[in-house]
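For clarity, chains are labelled A, B and C in written order, and residue numbers in each chain start from 1.
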């Protein structure tokens, strides 16, 4: 048998290892490629004399197709994104974390399995279907319930986003709660603590980093969501003053307008620039979430 | 692992006001959290029920296998359904091998150092990039820079990169579940690293890998934004009944973009049509997910050690 | 004098900043059973893993010094898999791979490129017979190796270690997880195997070394306290008092 392993098979091994390493680093390559190619399409506008980066970030006037006076201010869009995300989180955080606590602390056996499957299915519903639901189901409900003329508004989109980001929060939140050693719970029980006290004083403090990461990943998902908010926000460029105002988000703007622009026109380039802005926001949110999670692991 | 939810105080100690208070607090806590879960689950059931009620009447074999007609106001969804299958299939062929090998790298080859951390961070961030940014990337890189034009290939590549982190994460988890002692036993008898992975590690983590790949299918099928500008087309007629009616360089229709178009761009389309499309898409995704769940629980039951 | 099978010269090993083997040197002669005894954490397992270079899979492990097999420096061998095939290794806890019994034994030959069914059949039977397992499993070679009992799995592990015809067989506390009867059966197997291979027997049972080994080494805290004929170590007058204490169970 000795010597039957030829040099060829050693080179084969080396080749496979090289391939695997290449695939391994591909994620880095893709992240850089995304930044590079999106920036490459959008960058020329930065040199244009009609464009000012300050106005881009601070002006609320978004008139990309105006014949006489083109204005590319994204503040209203950013406000739309933030308000929809914010309201969504106000709904999603208590319900998401509450569900995580219920699944992890109050459920056993079959009930738990079934709930986890339901939540998994909730996560699987495509965003276009959520948008469709917003348009056809939520719109009339909101109109009738709150007596407002338009049901496509911040509230509508926020409820959809909340339902979309809850599954992420539940699964990561549940992991965080599972990571709290049982001895903590038993210790607290032995001291005569009630279930409330255990949750408030023991579980939440012990799992707080994991829960925070769960919330941040939910935020990341909500900021980046496109189709659902495109269909449910009402598509009005304005800074919303109440949850019943229509608005428009950064993502929806790209989705709605990219198809109608000429390639390499200023409008087209500005849309790519918005893409870079979005990429940066979600990148930072994910980075923070990652560091928070790593903090958990170190303990 | 956790305390049984219905743990009762042992009766022999007798009831005191304190234990009664504790029981009450237990019940209230349980009820409040149960209501919270119900607030999530019930709307889901109601909405799905509503979709089924409104869309069910249109769905038939004919609806699935004929092209849309009369400016997409009548007829079926064949070209969109087949387009979705094509997009999912082609993107799977790209993302599954790369994703699985990337996970093999991270779990089997990578050392615990800063570089590996950067790779992991890149995977996490890739998963977090908004779908519309992926769309911009696909347009800039594949459609324009690589001159693929708007095509199934460009759209599938975009989808593949977008969903790869799902495959990487689930494969990594599956690989990590294979005990290290198996690997050491293989190395001890002179097996190379790859032989060990190929003959022992991969066969024993295939269920987890498969689950991840199937979940990727479900996610790919529903995506809209990334394909809108890279390969999806508003309307296209193809030969009915021919699974290979599309070519990889063609533009195609897809269920998700079709639903968007019918609901927002086609005037006077019957309500039931868009409900039926939404229902088909939802049914497809739920079916695929349930398959993954079934496979997972089936394979969990026949573990080999 | 015969040429030594294995020569260890000034071997040092550290895990990060912590050195666990402090420069040891010794020879192993062909076809002998060398017993290695010593308390836990004295570097026995690490020593074996240096010999077949699986230590390289441990993050942060840094060996230095020279190990020669048949006069050849192992750190300069380009084909490390060949080395591992020449050095069989049996771990403390039995590891049946999640494959059939047949495939468990045929794993190494197949990895080395043996494909012919006939050759494999012969080899599998030979190895299982050598490890005293053949009679118990010959009718169910298709069942899973992981479903065998602990003692059977350990013999399966030995059969697997023999399947690549090693010149050196390292056994690392092989009896830790199996019953005394099986232990005795395996010991009988080793006595026979000695004719063909060189055996390094790391053991936590000092009497096992006494039964099997011609020479015994007492390793303690990464240093060789004493290496000599087994009877010398187990007799009334070993060279070092610590050996006497350890062998007679006085050691604290």
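Simple rule for what comes next: a residue touches a chain if its C-beta (ideal position, glycine included) is under 8 Å from a C-beta of that chain, and two chains touch if they have at least 3 such contacts.
Because the structure is a prediction, the values reported are computed rather than measured.
Least step count on the touch graph, chain B to chain C: 1. Look at the CA centroids: the one farthest from the centroid of chain A belongs to C. Chain centroids computed from C-alpha atoms place B closest to the centre of all protein C-alpha atoms shown. Centres computed as Cα averages put chain B at a distance of 48 Å from chain C.
Centre-to-centre spacing of chain A and chain C amounts to 54 Å, using the average Cα coordinate of each chain.
Note on chain placement: the centre of chain A and the centre of chain B lie 16 Å apart, centres being C-alpha means.
Multi-chain contact residues of chain B (touching two or more other chains): 192.
In chain A, there is no position where the chain touches two or more neighbouring chains simultaneously.
Shown for chain C are the residues that touch two or more other chains, namely 81-82, 85, 112, 164. Interface residues of chain B facing chain A in the complex, by the touch rule stated above, are 1-5, 18, 21-22, 25-26, 28-30, 32-34, 36-37, 39-41, 43-44, 47, 50-51, 97-99, 101-102, 104-106, 108-110, 118-119, 121-137, 139-141, 144-145, 161, 164-165, 168, 192-194, 215, 218-219, 221-225, 228-229, 256, 259-260, 263-264, 271, 274-275, 278, 281-282, 285-286, 288-290, 293.
The residues of chain B lying in touch with chain C in their complex are 111-112, 181-182, 184-192, 195, 199-200, 203-204, 304-305. Put simply, chain A touches chain B in their complex at residues 13, 16-17, 19-21, 23-28, 30-31, 33-34, 37-38, 40-41, 94-95, 98-99, 101-108, 115, 117-122, 124-129, 131-133, 135-137, 163, 166, 178, 182, 185-186, 189, 192, 194-196, 199, 217, 220-221, 223-227, 231, 251, 254-255, 258-259, 263, 271-272, 275, 278-279, 282-283, 285-287, 289-290. Per the touch definition, chain C reaches chain B in the complex via residues 52, 54, 57, 59, 81-85, 88-89, 91, 93, 95-99, 107-108, 111-112, 144, 146, 157, 160-161, 163-164.
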